[in-house]
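In the two assemblies presented below, chain A is common to both, partnered first by chain B and then by chain C.
Take a look at the complex of A and B:
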């Protein structure tokens, strides 16, 4: 909707970050989603995370597929290039974009229809390749734009607004990401800003494929009794394994948690995640343990949230491809074209 | 009468897939080349790894007719499975060379051919004890025998063996031994030479012997491609693999040993083209190589790249369709699929190289065109060019050439306040400016989408801006007409009423057919189309003739359809000449089809008019 424009005016006393940017510099145009949509809370969390990380907005490339969630990149980081690609295919476009310029920050936003159904294959292959990016699924268990059909993440036995019961097994994207080798896996809830913002910050700073499943109730089609993705249901069944604080490598460490309950995880760029453990036994470095824990709690009807797995020194696609440090899109004839001399030699070898 | 011919005949090797015959057969072809006589070899192979019949055909042609000829003068029948068909395919007066270890009843031969039996298996069994050696050296032994039968220079073959095993020197002596084993047996026991002979000539010049897929891949290296995303599919896989090899040789930073390229084997063709589009959007030169089924899968993304105007290069090595079709046979049957790929109103740019040298040139060019026009560019190869060695002019590169990166607005221009509208037609050529992501902190960012938008990339569903944008895309397509390679015209000595339009791998057969028609007194003007949209010269050519034959390798006359549709030509005047059985088109077929048609129109041949 082209006619909705945010006023340029803003209060001079708005807080600024280290780069001198205010919140407004990280916002996009006005959301056209339904009032109260969980997705808008996630957009707000992304804005907050980028503000706190002191990211230059134009150094972020935001990509999405098709659907309600995929519309949201319009609503944050207005100074970033955005790409609303085709349904379920954001991962391949993301992979290509990342190959072209390894220096930008890549943020992929998708939904449960976009990722768990039509895009399940591309999601899987992006994760297993270790593309250096943050992949956020805004998961509401329902197709919103087409008015309320079940998605593949809807729990078996859950009831649609029209009364239909979902008979199919649900796909747990977090469990899949763990199995596929993601080096950063977390789950959160759009209504839990305190947990979500530091998770997004840590995911952005993570080197490698960082995956975040964010349960985001659909107020129009999936917020009724009988839905397992409603605000009430998620609040009642949320089992957070940790609360975290994110400390950028550039700022001094200040953790106000009680010693003993806090674990500091240092990432490759020096940034630190301070985890306040809620579940004493939970180990964020144990991929198998995380998978078992997820399955156990799911059987008990609980939704596990928090940072579930992190491998601080993971490898990413460019490491595996041994590409040059300089972005490929900056190379010119001198670096790319072998010239006529090499061609003459090649010709000679074919006679 | 046995066929007598020097430097003009066809040898066909009938082998079993996976028996190691390919390198021996190629050695034979190269040996003829080294004697200064042009050859044109073709693989006829099944979609299989081991055990099925495979053929290798070598046309020895001092007259430089590099197209397929049809017919076989000498059959080297090494596959009992295909014996009957192989024997039947020999031209009357031709020759049959076979392994006579096991006696064959006379009923399995033909009276009108010369039969040359040689106990290959017996010789191998006597000489070698290892079964693998028996198999491999049998191939070299028959090459040795052929060298005697065809009166070839054995020194050239020895030299080639030396070059082939340069890095595995201990293999040289045993191969040369096997070669002479065959040659000596033939000289002592068979009538040498036969009526077919190779005589040293000087007709190869500085030409090179290369597969189109390798040349095209090298064109991508020279053209500055840094991202290649692909999914294995015959007959294009060897193109991506050649790109890997060329890059390993030419694109590794000598100091850091890091790669100035990224190659990803994608999970399918959809992901492959998605990666190309992502990389193109972000300012890298990117391509994928595929074949018809891959293009079918890519349709949705191709529409996005057209509508969102993202540079991308798609190399289509065409094979026999539809569906899985004939994966190892050649056709030119993806033209309509590519020209109008995706839903909605779309039109795409295509290039039609005729041989490896043009495959190199056009692939390198495609990256300039993709960035200049900000759209997908299709390089239309086919199996006949891509997977066969072809004698081709040397590849050439002008070191003064600079890449055309198209209209990209820089940070400095944005800073200076230059107006940026992603879909703004500032130069009246339909081509807008773009920016790379991350260029400027506050200016030049935009949202790329497959949905409708206005000139400043703002989402809109209003009819006016939508139509405005679609019309601009048409204007851009008009601009492309002047940028794609121009058609090549060859006029007959005297102006005539009829013309021929052809393209791509039909070229060598067309050249030869042209000679055959002239010999029959039929002179026609020729136009080789090299790009789509059609250059104005094409319409002009069609308009200048009463009728134009369009020669192509598909059932539905796809180029003809494009000509009629895009140039608004009268279909009655555009006559299809079509071969689509999966084998490369032949001069004999073209000359006969056109000759018959003209006969039916009762055209008096030129020489009768003159005399």
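Take a look at the complex of A and C:
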């Protein structure tokens, strides 16, 4: 929280994107979160990703639930559509909005409490239906907004700020997303923008349900020794399986990659992800392998990060429902009520 | 890169661009904040201490601080540092009680200053309160030098000169007006403990082209003519006036002519308009009064009839690059042009001249006839004779003369205390954290978006009628406040403590100017390519701090930092702090002497 407005002056040599915007044009109003909160860094990464993707802000809908994390859409993309839903209910609003207008870019921002505690049921259905969107969980292991109670992602055995030990098993949202059929799954850390920004870019360009679990330390309630979501703990146990560069659809691959070391994944829109493998055997297209690897490394106390699974040609909700290409909210009376002749024909087909 | 040593007084001094650029190193942001707080007397005294003539400089300074001002890199125009100085002088209370008192019992050391311009007066101001017996000799009746004799009254009223020279003479300095020194040898024989030569650069360059002699009656050397105007000897000029030259003297000549009967006054310069020596604002002021400036015209001949000037013939030139890439003026081939006129003012340069200094008394001169003067101590090759101001290294300006005066005073003080004058004192640095609360600072860190405010002017018709009517009216207090708020407080430094940093990126994310980067270390040139925002301004330092937990370094590009303190407000651990660095140059007195 600061009391002064962020000055509108910017660096005189700031780069502009294809739309003529600087990254400053993707900001929202000034953050009211605690100084140092990981969530602010994720907002900055989203800003950078949208800037680099040349996204027109008015084409984005940002949706969230309740929590410090869910407040953050106010702090980026000030010119986009936004919806703050009831606690844990963002997935149903997201599904509805996406059905009504398939043309917007959907960005869900939630917390570990909002998603894994109160919102777990909604989250599961959103993912398994394959809604075309990017879902980011800003995961700090606590309910930041309500003063630091353990959330459902807090690791068993980790210690609260006041010394209590968490006795409950934790939910690994990445494992859940894999199990539920998400076609793009990754994990990252608010303190590593080099990894996070390209992941967000690739997720936004992905067709289908893209899920990102971003560990985001709560400096007020969960950044102490004994926490497994603190800056120090995450830095010590961060095990990245790959590094990625995002190459947007239109541009050819400019960098020369050493053959073998890099895998190029092409997404449906032609954009490419250049994956530099860090763990030789890790295969980003193997859902079961990924799940096993995750569980195994988690048991060893390590936090696996990077792009963990991607299915570039996955299907999404609209494909499955066979909806028309035109957004439903733009259909007029003529298309929606084709008249009694059409009804008769339809009824006849059911006889 | 090596980690930055912020204990080096020059490091943060350089960040305060204006103060670093000011020859006298005036603590600019400190006085600007005092103006914003309405504490004009305090603001005045800070100026008085470092630049001696706040009221005069607030109207006439060449303001090297303004092109350096960080605000000019953040938006279009710098803070009006100079005219804010005038505000302090205009609205202060009677400050005489706060000035040093004449010393009752002198220390027995006698110093003489030749010339009563700003350089000598600065020496006198610094040394008199220490007990030195100071005598200032000038051929003119009053103290002030060219500030009084050259700068037109419509830019600098006598009352301001009287007041500020008075503060110095009231320290018990003996001023002997109307006393020209004709022999330095004779002066040396008078056994002064030290001699300071502040005689300026008193000779105006002439133009030796056909017709010069024949039409001499109506051809005047600019600076001679201006001093004659100042003294009231010259009160009229012809209707049609041509001013030759593109410097500040030319601008004063043309504007003065306009007030003494000139109706058709034109300036003609050899070079291009852009290359003119005059400051942009001096050109602007002349053009605002309707004076045309013609460029690329080289005077060829004065035309005359029956011993009376009739005009000037000019050759057209254009600028070309020669084989070595140097710019040269070559004839353009267009026909010559004749400008008819009644009077010509020649303002094509100014020179030193030392006819009164014998060449056999131990003072060496170089091939250009300039005395050999040490650039740090201002001592000549004679152990007791010092030079400063325009006399030392050729014509400059008032603030340089003052800066030279301070340094010469330090040298003289050390010399007469038996010290090595080559050993120069460091500035005094005071560092104070500005933190008052979680997001409260003892300076106003909110950044004003306002554009530079214009200084109100006297109505043109009224101004042109009276050569003594000051053109600029100065800011009123409301405008002064708004202009003062544009200052970015560059002396409130961002100070980083790596031991406290948890590398959460909060400062990187909030910084409106993208100044901050956490990255692996490297050589400066390469490191500059890896920063959050382009770091092309090599004149501005990178602040590098190491010993972060991840082994990276924190790099802050000082270039366009707004000193808004948001990095410190967003830092959860207090690794960033905003600390005010008050840097004051050490002047003559005990502080400048070594403790040994």
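As a convention for this text, the second predicted complex is superposed on the first by the 322 of 351 C-alpha atoms of A that agree within 3 Å, B and C clash if a C-alpha of one lies under 4 Å from a C-alpha of the other, contacts with A are read in each partner's own complex, and residues count from 1 in each chain.
Here is the rule we go by: a residue touches a chain if its C-beta (ideal position, glycine included) is under 8 Å from a C-beta of that chain, and two chains touch if they have at least 3 such contacts.
Just so you know, these numbers come straight off a predicted model, no measurement behind them.
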Q: Answer with first, second, both or neither: which of chain B and chain C does A:10 touch in the superposed model?
A: second
Q.
Quick one: is A:237 in contact with chain B, with chain C, with both, or with neither? Answer first, second, both or neither.
A. neither
Q) Regarding the shared-chain residue A:34, is it in contact with chain B (first), chain C (second), both, or neither? A) second
Q: For A:84, select first, second, both or neither according to whether it touches chain B, chain C, the two together, or no partner.
A: first
Q. Any idea whether chain B or chain C touches more of chain A?
A. B
(Q) For A:297 in the superposed arrangement: first (chain B), second (chain C), both or neither? (A) neither
Q.
With both complexes overlaid on chain A, does A:322 touch chain B (first), chain C (second), both or neither?
A. first
Q) Both chain B and chain C contact which residues of chain A? A) 1-2
Q) chain A touches which residues of chain B in the complex? A) 204, 206-210, 218, 221-222, 224, 226-227, 229, 250-251, 253, 256-264, 266-268, 270-284, 286, 300-301, 304, 394-399, 401-403, 435-442, 445-451, 454, 458-460
Q) Which bits of chain C are touching chain A when the two form their complex? A) 73-75, 439, 445-447, 449, 502-506, 508-510, 512-515, 533-534, 536, 549-550, 560, 562, 564, 566, 569-573
Q) Any idea which chain A residues touch chain B in the complex? A) 1-2, 56-59, 61, 63, 73-74, 78-86, 89, 91-101, 103-104, 121-122, 124-125, 129, 318, 321-325, 328-329, 331-333, 335-340, 342-344, 346-347, 350-351
**Q.** For the chain A and chain C complex, residues of the former touching the latter
**A.** 1-15, 24, 31, 34-38, 40-41, 43-44, 190-191, 193, 217, 219, 223, 231-232, 235
